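These notes open a run of structures that come right after.
After this come two complexes, each holding subunit A, first together with subunit B and then together with subunit C.
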Partner chain A sequence: MFIIAHLISFLLGYFSLSLIFKETRYYQSLLHLSLSIITGLCLSAYLTFFVFLLFNKFYAWLIVGLNLLSLLGVILLNLKTNKNIRTLLNPFRIHKLSFFSYSVICAFTLLIALYYYVASVHPHGEWDAWAMWNMKMKFLLLSSAPLDDILTNLSWHTHPDYPLLLPLINVWLNSFSHTHMLYVPFITCILLTVSCAMFMYTGLSLFIKKGYALLATLILGFHPYFAFSATQQYADILIALFVLISLICFYLLDKESNPAISILAGLNLGFLTFAKNEGIVFAALLSVIFLIRLWQQRNKQKSNLPCYVLFLITLLIACLPTIIFKLFLAPPNSDILPNISQTGLQMINVNRLAVIFDYLGKEIIHKKWCYIWMLILIMVITKLFKFLKKETLWVTLFFLSYFIIIIFIYLVSTQTRLNWWIPYSLPRIYFYLLPAILFHVFYVYWPQNKKIENT
Partner chain B sequence: MNFSRVKPRTVPQFLFCLALIVLTITNSVVLKEEIRRIYNYKKILDFNVVGYQFAGIEAFLKDVEYMGYYTDKDMDDPKNAKLFAHAQFALAPIVLDFNNLNHKYIIFACSSDGVAHLEMNKIKAIALGRNQFGIVIAQRQ
Partner chain C sequence: MRQALKYLFSLNGAIASLCLCLIIYNIFHAGVYCIKKYHENLNLPVYLEPGTQFETFKPFLKNEKRAGYLTSKAITREDNDGILLQAQYFLAPTILELQDDSHLFSIIDSEDPPYIVKTIKTLNAMRTTNNEYGQALLLRRK
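Up next is the complex of A and B:
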């Protein structure tokens, strides 16, 4: 029954994106279809959040009704702006497939089977899944005052300050039936993992040869630790997904100023802020590089509103749930902010820095990563100057900035936590950065297409 | 069907292909062992049911919103912290109040039955049930 919820979300995302993409040639692309399910799920989660804000209880009929009403609204808007219904349904047309296309389909079929197998090894996910994300989902579904319980009454170990995008997605998918309550997160994590691989392929094939794009997808998709981490049912996979989509948007905007992509970028960064606290940091850094780049291109834009204004407006609207959650609902963060205020800058010394770098280096060569980081390092070193060129420098700086922030956070944590915290958190940081870094490295490393390919 | 020959055209591309081939061969060997290990593990234990130690307790707890969870075990040990997290997950939406004995219903997940009974006597609680994992559900008078 929850498949119906997936379908509604897909259509909601599809028709919402059709409104945004109506004037661009990416309208018919595979990227549009890939984005539809993710955007749709996030929009449905937002609608679900607003129901909880108003009533502080789970009303399945209200959530479903709101989603159906929204779907009807976007379909009507589409029909009003796109008079030809055939244009709306173009991406669903089956074109003649080449041998390469069949290879891609085979690869993704194998990936789906692989992720199902890996997810079934831990069908309830790992620690944070049942201790935090899925537990919050249960409270949202079953409690008489779920927001009060999640934000105030539960133990601090459950991180009540963490945003709720993943639990809300699973709550929405449970709206049609409670009998599969714990099966829904299992399917969601597989869907998000496959989507990540899909975005790697569709995003890269816009810029480089499809063969290289498929190679990057296979390297990422068949990576055992990536598959295991992605199916842990954590929100980290959402971070990985949105950062990857943001990079695709950035490079698209880099080639040509496009109002539709500016809106998509703002929307995506807004979703990112509601995924996890790290998402807020990512969104802040990415917003800076987006704004700088859009400002530099402002004279080339043909739209009525400058692209950077469209980006900012969409970002603010998409961040609304996060702003409401953080300002009015969630307690203050208990992990990082108290450490900075208590320890000040006393903990910043060379010894601690050496320990942190030691952990960073050991994680890169750890056997669980199957030397993928060594491969990435080889690619970076052999073409180092290309990573520092004008168009790619911003993204390189973005990754470096994020690592500096991570190092700073580790520096100001207390000693006992450092020895436990780094080995626990660092693999997850590497995991959610891997798709974006791999994308960036392949983008820079291989020769680019003369024009953006329509997949 | 024609396949155009693809050769690495530059030294960096050649190095990449070489590194990729070496890594793929190395990882394939390791992966095979890993898959065999997972397969053998799954033969013994299909998958862990999270919170199985607390299965059946919800029968005593109709319309209960809050309850206590008492343990004398060291919570710095991940095993004990995991047990508490499992209990909270299994019994959601009941909120477990850690080491608070001021609730009507309390779970005792102690190191021994003796410790549990000692605490129950202090607060004049009676045991409603005990399962094979040593988990006691008690009610204050």
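Up next is the complex of A and C:
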């Protein structure tokens, strides 16, 4: 029954994106189809969040009704903007499939089977799945005052300051059931994992030869630790997905100033902030590089509003749930901020820094990563100059900045012992950075297509 | 053929070959992982939901908004066996308040007999149910 919720979200995402994309270019059709389900699920989660804000209780009929009304609204808006049914269904036109396309379809079929099997090995997810994300989903569904319970009454072990995008997506999908279904988070994590692999292929094939794009997708897709981590039912897969989509948007904007992509980028970064606390850091860093790049291109733009203005407006609107949640609802985060008045600055020392770098290095060569980081390092070193060129420098700096922030947080936080915290958190950081870093490395390394629409 | 060989011996060709080797390596390890898990799980056909050991507690706590969780074990960020969180997950939406004995029902989780006896006497409680993993549900006597 919750497949109906997926369908509604897909259509909501599809018709919402139809308002943005003008379908004049093929690559927009490809992105349009790929992004529909993810955008739709996030929009449905936002609508669900607003129901909880207003009524502080789970009303399935209200959530479903609101989603259906929104769907009707976007369809009518599309028809009003003089789009006929033929234009609206453009992305669904099946092009003649080549042998290569059949190979891609076979590869993705195998990937879906792999992810289903790996997910079924831990069908309830790992520790943080039932201790945090799925627990919050249960409270949202079953409690008489869910926001009060999640934000105030539950133990601090459940991280009440974390945003609620993943639990809200699962709550929305559960709206089509009378009792909570543990199968919903299971299917959600598989869907998000497959989406990550799909965006890797879709995104890279816009810029480089499809063969190389498929190579990157298969390296990521069949990676055992990636498959295991992505199906743990954590929000880390959402971070990985949105950062990857953001990079695709950045490189598209780099090639041409497109208002539709600016809006998409703002929307995506907004969703990213509501996924996890780390998403806020990512969104802040990515916003800076987006704004710098859009500002540099402002003279080439043909739209009425400058692209950087469109980006900012969309970002602010999409960040609204995060702003409300963080400013008015969530307790402060006590994990990261240092208590300098009590501990002083004695934690900032060379010894601690050496320990951090030791862990960073050891994690790269750990056998669970199956030498993927070694491959990435080899590719970076062999063409280092390309990573420092004008157009790719911003993204390289973005990754370096994020690593500096991580090192700083490890350095100054005194809430837990480093020897306990780093082995627990670092693999997850490497996991959600892997798709974006792999994308960036393949984008920079291989020769690029002359035009984006190389289909 | 000549062009293919030329490509293979170039830097790009070498990296592409490395990528292909890595894909095969990943597929091999993914396959090994799947086969290993399949054999491990042959003797474990049913995946129990986390906190299932508290199933017998649920009928008593069904209409309770809050209950206590009393334990002599360490429940810190680093030293934590996860039983409290499993109980909280399974018994949701009942809130379990750590080391709070003011509620009608309290879950006691301890392997320390003096602690258990002292707690029962202090609360003037009786055991309503327990599981075979060392947890019991206490009800305050009126």
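We take it that the second predicted complex is superposed on the first by the 433 of 455 C-alpha atoms of A that agree within 3 Å, B and C clash if a C-alpha of one lies under 4 Å from a C-alpha of the other, contacts with A are read in each partner's own complex, and residues count from 1 in each chain.
Methods note: a contact is a pair of C-beta atoms (placed from the backbone, for glycine too) under 8 Å apart; a residue touches a chain by one contact, two chains touch by 3 or more.
Everything numeric here is computed off the predicted structure, so don't read it as measured data.
Visitor: What does the overlay on subunit A give for subunit B and subunit C, a clash or a fit?
Guide: With subunit A aligned, subunit B runs into subunit C, so clash.
Visitor: Now for A:114: first (subunit B), second (subunit C), both, or neither, which partner does it touch?
Guide: A:114: touches subunit C, not subunit B.
Visitor: Look at A:154 in the shared chain and tell me whether it touches subunit B only, subunit C only, both, or neither; answer first, second, both or neither.
Guide: Both partners, subunit B and subunit C.
Visitor: Touching A:144 in the superposition: subunit B (first), subunit C (second), both, neither?
Guide: In the superposition, A:144 touches subunit B and subunit C alike.
Visitor: Touch check for A:124: first (subunit B), second (subunit C), both, or neither?
Guide: both
Visitor: So, does A:378 touch the first partner subunit B, the second partner subunit C, both, or neither?
Guide: A:378: touches subunit B and subunit C.
Visitor: A:235 in the overlay: touching subunit B, subunit C, both, or neither? Say first, second, both or neither.
Guide: neither
Visitor: After superposition on the shared chain, which partner residues are touched by A:99: those of subunit B (first), subunit C (second), both, or neither?
Guide: Touch partner of A:99: subunit B, not subunit C.
Visitor: Taking the superposition as given, does A:329 touch the first partner, subunit B, the second, subunit C, both, or neither?
Guide: neither
Visitor: Just to be sure I follow: which residues of subunit A are touched by subunit B in one complex and then by subunit C in the other one?
Guide: Shared contact residues on subunit A (touching subunit B in one complex, subunit C in the other): 121, 123-124, 127, 130-131, 134-135, 138-139, 142-144, 146, 149, 153-155, 157-158, 219, 224, 370-372, 375, 378-379, 382, 445-446.
Visitor: Could you please specify the touching residues of subunit C with respect to subunit A in the complex?
Guide: Within the complex, subunit C contacts subunit A at residues 11-12, 15-16, 18-20, 22-23, 25-27, 29-30, 33-34, 37, 41, 47, 49-51, 65-66, 75, 77-78, 80, 82, 84-86, 88-89, 92-93, 95-96, 98.
Visitor: Please give the residue numbers of subunit B that touch subunit A in the complex, ascending.
Guide: Residues 1, 6, 11-13, 15-16, 19-20, 23, 26-27, 30-31, 34, 38, 42, 47-51, 65-66, 81-82, 84-86, 88-89, 92-93, 95-96, 98.
Visitor: Which residues of subunit A touch subunit B once you look at their complex with the stated criterion?
Guide: Touch list, subunit A to subunit B: 99, 120-124, 127, 130-131, 134-135, 138-139, 142-144, 146, 149, 153-155, 157-158, 211, 219, 224, 367, 370-372, 374-375, 378-379, 382-383, 445-446.
Visitor: Where on subunit A does subunit C make contact in their complex?
Guide: 114, 117-118, 121, 123-124, 127, 130-131, 134-135, 138-139, 142-144, 146, 149, 153-155, 157-158, 182, 212, 215-216, 218-219, 222-224, 227-228, 370-372, 375, 378-379, 382, 415-417, 420, 445-446
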